[in-house]
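Same chain, two partners: subunit A is paired with subunit B first, then with subunit C.
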Partner chain A sequence: MTTLSKPMKKFSPLAQAAMDYYQSQAKQLMQAEGEGHAVTAFRQAALNRFLEQGFPTRKDEDWQFTPLSNFLKTHYAFNGVSRIDEAAIAAVKPKVDGWHLVFVDGYFSEILSDDLAGMPSGVSLESGKDALDFEQGFRVFADHETDIEQDAFGMLNAMLFDDGLFIELAAHVRLAKPIVVSYVQTLASHANTTRCKIKLGRGAQLQLIEQYVAIDAGCGFENSVCEIDLAEQAKMSQVIWQNLPEQGMFFNNQFIDLAEQAQFNTHYIGLGSAISRHQNHVQMAGERIESEQNSICFARNQQIMDTRTYTGHSVEWGASRQLHKLVLADQAIGVFNGMIKVDQKAQKTDGMMDNKNLLLSNKAQMNAKPQLEIYADDVKCSHGSASGQISADQIFYLQARGLTKQQARQLVTLAFLMEPLESVADHAVRDWLQQALSAAVTPYLN
Partner chain B sequence: MFLNIENLHAQVEDKTILKGINLRVNPGEVHAIMGPNGSGKSTLSSVLAGREDYEVNAGEIRFLDHDLLEMDADERAQQGVFLAFQYPVEIPGVSNKLFMHTALNAKRAAEGLPALDMFDFEQLALEKMKRLEMSPIMLERSVNVGFSGGEKKRNDIFQMAMLEPKLCIMDETDSGLDIDALRIVANGVNALRSNERSFIVVTHYQRLLDHIKPDFVHVLYDGKIIKSGGFELAQELEERGYDHLIQAYEKV
Partner chain C sequence: MQTTQYEEINDILAKNQHYKEGFHTQTLVETFAKGLNEDVVKAISAKKNEPQWMLDFRLKAFRHWQTMPEPHWAKAEYEPIDYQDYSYYSAPECGSCATDGQAESGSAVDPEVAKAFAALGVPIDDSDANIAVDAIFDSVSVSTTKRDQLEKLGIIFCSFSEAVQDHPELVQRYLGSVVPYHDNFFAALNSAVASDGTFVFIPEGVRCPIDLSTYFRINEAKTGQFERTILIAEKGSYISYIEGCSAPIRDTYQLHAAVVEVIVHEDAEVKYSTVQNWYPGDEDCQGGILNFVTKRGVCEGRNAKLSWTQAETGSAITWKYPSCILKGDNSIGEFYSVALTNRRQQADTGTKMIHIGKNTRSTIISKGLSAGKSDNTYRGLVKILPGAEGARNFTQCDSMLIGNQCGAHTFPYIEVQNPTAQVEHEATTSRIGEDQLFYCQQRGISEQDAISMIVNGFCKEVFKELPLEFAQEAEELLAISLEGSVG
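What follows is the complex of A and B.
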């Protein structure tokens, strides 16, 4: 008989069944990769952790408002044959001039992606699948493994990721057009597990657009992890558009490291999925870094939308800006959790985090927790969160000029949602986002 | 009949504010409504424009062929009722351009006219703004956000000029304006005067009336019109204030 130092955690039958299922899937993948492969030990370590910790429950503070029971009920499949409808895929690609890459059901599709032959030298692009073929290839995606595996979805990602994207720009390389990555789901109840790594050399510049959408019966479980690494003076702007079907599941976790004078700007737009959780972990470990994190979420029916940021200032003169806006209709649940942490050495930090929410129904529920943790004494930091309803004064003003009540509510709500887009610098990208957001949200505003 | 208000009673929550207003306005007339703070001037203006917070519990308002009280605020606006607000509202994120383009086309649709495209709209808007000495930049800015008090009032008059309403109700448009802004606003109003268009001008001061020359002046007190007269009544009020009228009214 063995004595355990820690009592084993008890899991609900629902959670246990899901754990057994994902364990079996991971084992299949490891078998296919072959026992001798270095990635096997990596996956096995994640699996061990997963079996010990399991899925979070509402007792875990970080998951208090994001119950997973609806996620656990479905065992998402890792195999399946995608029916590729080229016209339908072309139709959902963002209307933006750029280098378009396409993933179908979690796998990179070379045929559907643009020919990258014309890319300037100094740009390396590789699919995660190709990287995994190398003995130590997975390591390029695992710089933050301890942090990644803080939660079950990070562990699942380590156990099961089978494709993804590696992008590297050498020093001073600037892409004139954005790289536009479409993750398209075509299968129901399918799991798409990807890892990305984006590395910008000194002074390099990249604009990245990622979208998560579905065609046909597509409606699955997206689990992605992304590491972003900006060297000195590198500059990156990112847009993530998530508009999966209402029953989809979306978990995205980003780890962003910024060096001296780097500039990073990200916008997350969340419209779809039954449960969605988008997280940024930004580390500002150099002088005069500028970071900006924004999000726009519109949730309706029973949707749960969870947005989280962690922003660590560890060196002087960093500036971080954040604006997070949620509109909640029906019985939707919104969660915002943000933390700005300022180390003792990070004097002259300028940190601002703002969360504003519009509740269109009195059954909708917003849970906001903006936090500051400051150990330096000469800093300028602020955080705030406010939730409210549409102002009756505004609606009357617009009606008094001849707009119907519905037009007035649409105009005011869209204007509220669009505000974070003002900091999208590229006009073509901003125009696309404004049109796409308006088209996606307007049908639900009355 | 252009506008006929009969025995109008209105309340908000449990408080009766309008206690039997009678007012008849013919096409082309300018009526001034004066009265101390709290007498119900803004309430009357809001009830005419269709604000829902006020409950009308007696009386009738006929406007052209319409029973005005049966119509929503937007229908009234489309039929030619316009209220320039005492406190114009800020709408972050909605540009003046988008707002007025939408409003103008809503009105044109109600009149069976085709929509104006952005180009024609802009041309028209810039013309009207020039007359009101407004910078073209104002068209791009969010409705009233960051505008000074005077700019907000001018923006309302700009909207009035764009929509060319039949009945213009101006609620203390002159308060908070300096002499230049007052002149510009008054010129804007005078440019709109015609035999078909009528005005109800709510004000505390004679100075706007000096520019606009109303045909009738009414004193509103405690939810009722206690005295009506011509322009000379405004001059009398400027010299003597409201007290003597209120005292005379309360004795009866």
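What follows is the complex of A and C.
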């Protein structure tokens, strides 16, 4: 009873069936890529690991509140013919002036994307599919493979990614307009597996907006992995807008490496999907790095929304800021999990993690776990988490000024949700986000 | 520049050549051979002359324990424990007669054991001390004082073994009701081989006039202590209970796996204070006590109140989460903790507050101090169940790092299933600043006094919850620990 040898894992029939299915899909993909392709060995290694580990269950601490049974029931298809309706796709693009790129059902569409000829020199942009055509092309996306494959969805991604995006900015290149990527789903029960790599040279600056949406029948399984690599003094701000239909599945893992004096700012806005899980892994391995991570989540009905961060400070003078706000209505379940880890060498670290949650119904549930792991003594680290309902005083105050109860509740809830947007520096982007958020959320507030 | 400052502090910390409770008592003892199997469980039960139901409980727990894996999720690194390498029963020969013939318990105490407790400052004779003491030496309770005085009020204060004999109906009703035998690995082990412990019963409406206290002493080498404490506060009663502990210096790890069950009925209040000062081991914490404790209380009725206060300075490894199940409406749970780790000590401690009833309130104040190369972790759960209308929780976890080779960690779990609940959690990390020390020294306060003053200020919120003499003891203990003589 004291032996520590791990017994063979046993999987539920549901999980086993899903594992068998994804294995067969990976095998098909490897066959299509042709024998002897360098990527085959890479995919096979991920597959072997996946077959050993399987899908997490609620017994895994990191998945305690994120049950996957609904995800496992559907076997998401990897082929299908997209229904491209240009007008509809144009309509869902964010109303932001930028370089627009479009993915349809997990594949890059050159026709629907803007002509990139006008981009300044020093910007390279390539689709993942093109990169994969090269013998060793997949390697640009695999810098964090050990970390990526800690997670079942990371393994699935390694086994099955077939497209994505590679963006590289040479030193000191600055784009005047944001790059706006729309991942559009048009097929039901379709799996979209993408992998991205964003690489900023010294002092380069990029603003990236990513949007996950669907048109009519779309309610697929989005599984993305993104590697972001900022050199010294590079600066990047990122917005991820996730508003998939209520039956969708969304899993996104980001691995962010920051070098000296880099600045990174990310906002995740989660509104859709039956199960959504967004995770940042930030490594601050240089002096005077500033990072900022924010979440805005609004979940209703039976949605499960999971947002998590890992922030590693390994060198002196790093500053990290986090604000995660969740509003939960109906029977929704919210999960926040954050970890700030400060290494012994990371003196003078200034880390702050804040999580605030608003529960709008008796059946909603919030599970928060803000964590600190500190090995350096001269640091300023704090975290806070608070959950509660709308204060009756606030509503009374607004009603006293002539608002109806419903208006008052809407106003308070929206104001609560929008706070993290204040740190979006670009006014045009912030305005778009505020309007879009208000339009998306207001119908469900009463 | 920083290193030099810490060299000084660490020098002071390193002058830790003696753990003053580290002496060893030589007396005739009866110790079971090492090893654990069903026969040992039966032998322990037979030794204590236990009724069949108690033996059945032990065997059920033992069989379940054998199927469980040893938990390693805590932030503490240790080799898997060889449970066959411990002895599961040890008693001073004379002490065992004390439990049989309790009438003359005072005189029957082994003089060596009596000396040991005298040296520890534990009043085991019915002296004028304004406190009633149950003294436990290895596996048995050797003396319980002030029993007659308490009996007049209807209070039962005796060793667990006696309670099994004299109050079987109460023990049967409450044993395992808060911490079931299958609850966790160490609780199952404890249920199987429970040595002794304290049994307290406060009848309806009685306010216990004096503090009740238990002092645990592990003496024999390579023995485990598995005490089981049950505390029942009937409707409208009040009790303040204190426990303390220590062990001699040994070069092998000793095991301590206790279970404490507290039942608080309507309008009753229980204050449970612990000063834990088990032997922490040598420089590298080799040979210290492995302290795996399950403490849990349930606020059964309306307006019940349970308050845990702990000062943790000892043990090589601490794994302890005193918890409150707030079942009754308006019930209150409190947790005040100071945990200090030095050298290579590892403490993973915190609390669980489970809010079930309406308008239940809980407060958690946790102060963690890490020095040397130690790791100090707060791990806590606040859970608000759907029925807990208007529940309220406030949590504050402050960590202080002394030196740059230690770690301070905070792992809070917050689960809210009711929107009317208000849950707040805050955590901060700080250190003793060079400037603070300089300021004090400039005014003629020695560096050591300055450290101890700053630390005491940091811990004040918790110490004010301890009974007076105890708070003093805890403060002294902290000062000594920081000097390094205890750890």
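As a convention for this text, the second predicted complex is superposed on the first by the 439 of 446 C-alpha atoms of A that agree within 3 Å, B and C clash if a C-alpha of one lies under 4 Å from a C-alpha of the other, contacts with A are read in each partner's own complex, and residues count from 1 in each chain.
Definition applied: a residue touches a chain if its C-beta (ideal position, glycine included) is under 8 Å from a C-beta of that chain, and two chains touch if they have at least 3 such contacts.
Because the structure is predicted, anything quoted here is derived from the model rather than measured.
Put subunit B and subunit C next to each other and count what each touches on subunit A; the higher total goes to C.
By the touch criterion defined above, A:418 reaches subunit B but does not reach subunit C. Applying the stated contact rule after C-alpha superposition, one finds that A:92 touches neither subunit B nor subunit C. In the superposition on chain A, A:403 makes contact with subunit B only, not with subunit C.
In the superposition on chain A, A:440 makes contact with neither subunit B nor subunit C. In the superposition on chain A, A:77 makes contact with neither subunit B nor subunit C. Touched by subunit B in one complex and by subunit C in the other is not one residue of subunit A.
Within the complex, the subunit C residues that touch subunit A are 2, 65-70, 73, 80-83, 386, 399, 401-429, 431. Subunit A contributes residues 1-2, 4, 61, 65, 344, 347, 357, 359-389 to its touches with subunit C in the complex. Residues 49-53, 72-74, 76-78, 82-83, 85, 88-89, 91-94, 98-100, 102-103, 106-107, 110, 142, 159, 163 of subunit B touch subunit A in their complex. Residues 391-394, 396-405, 407-408, 411-412, 414-416, 418-419 of subunit A are the ones that touch subunit B when the two sit in their complex.
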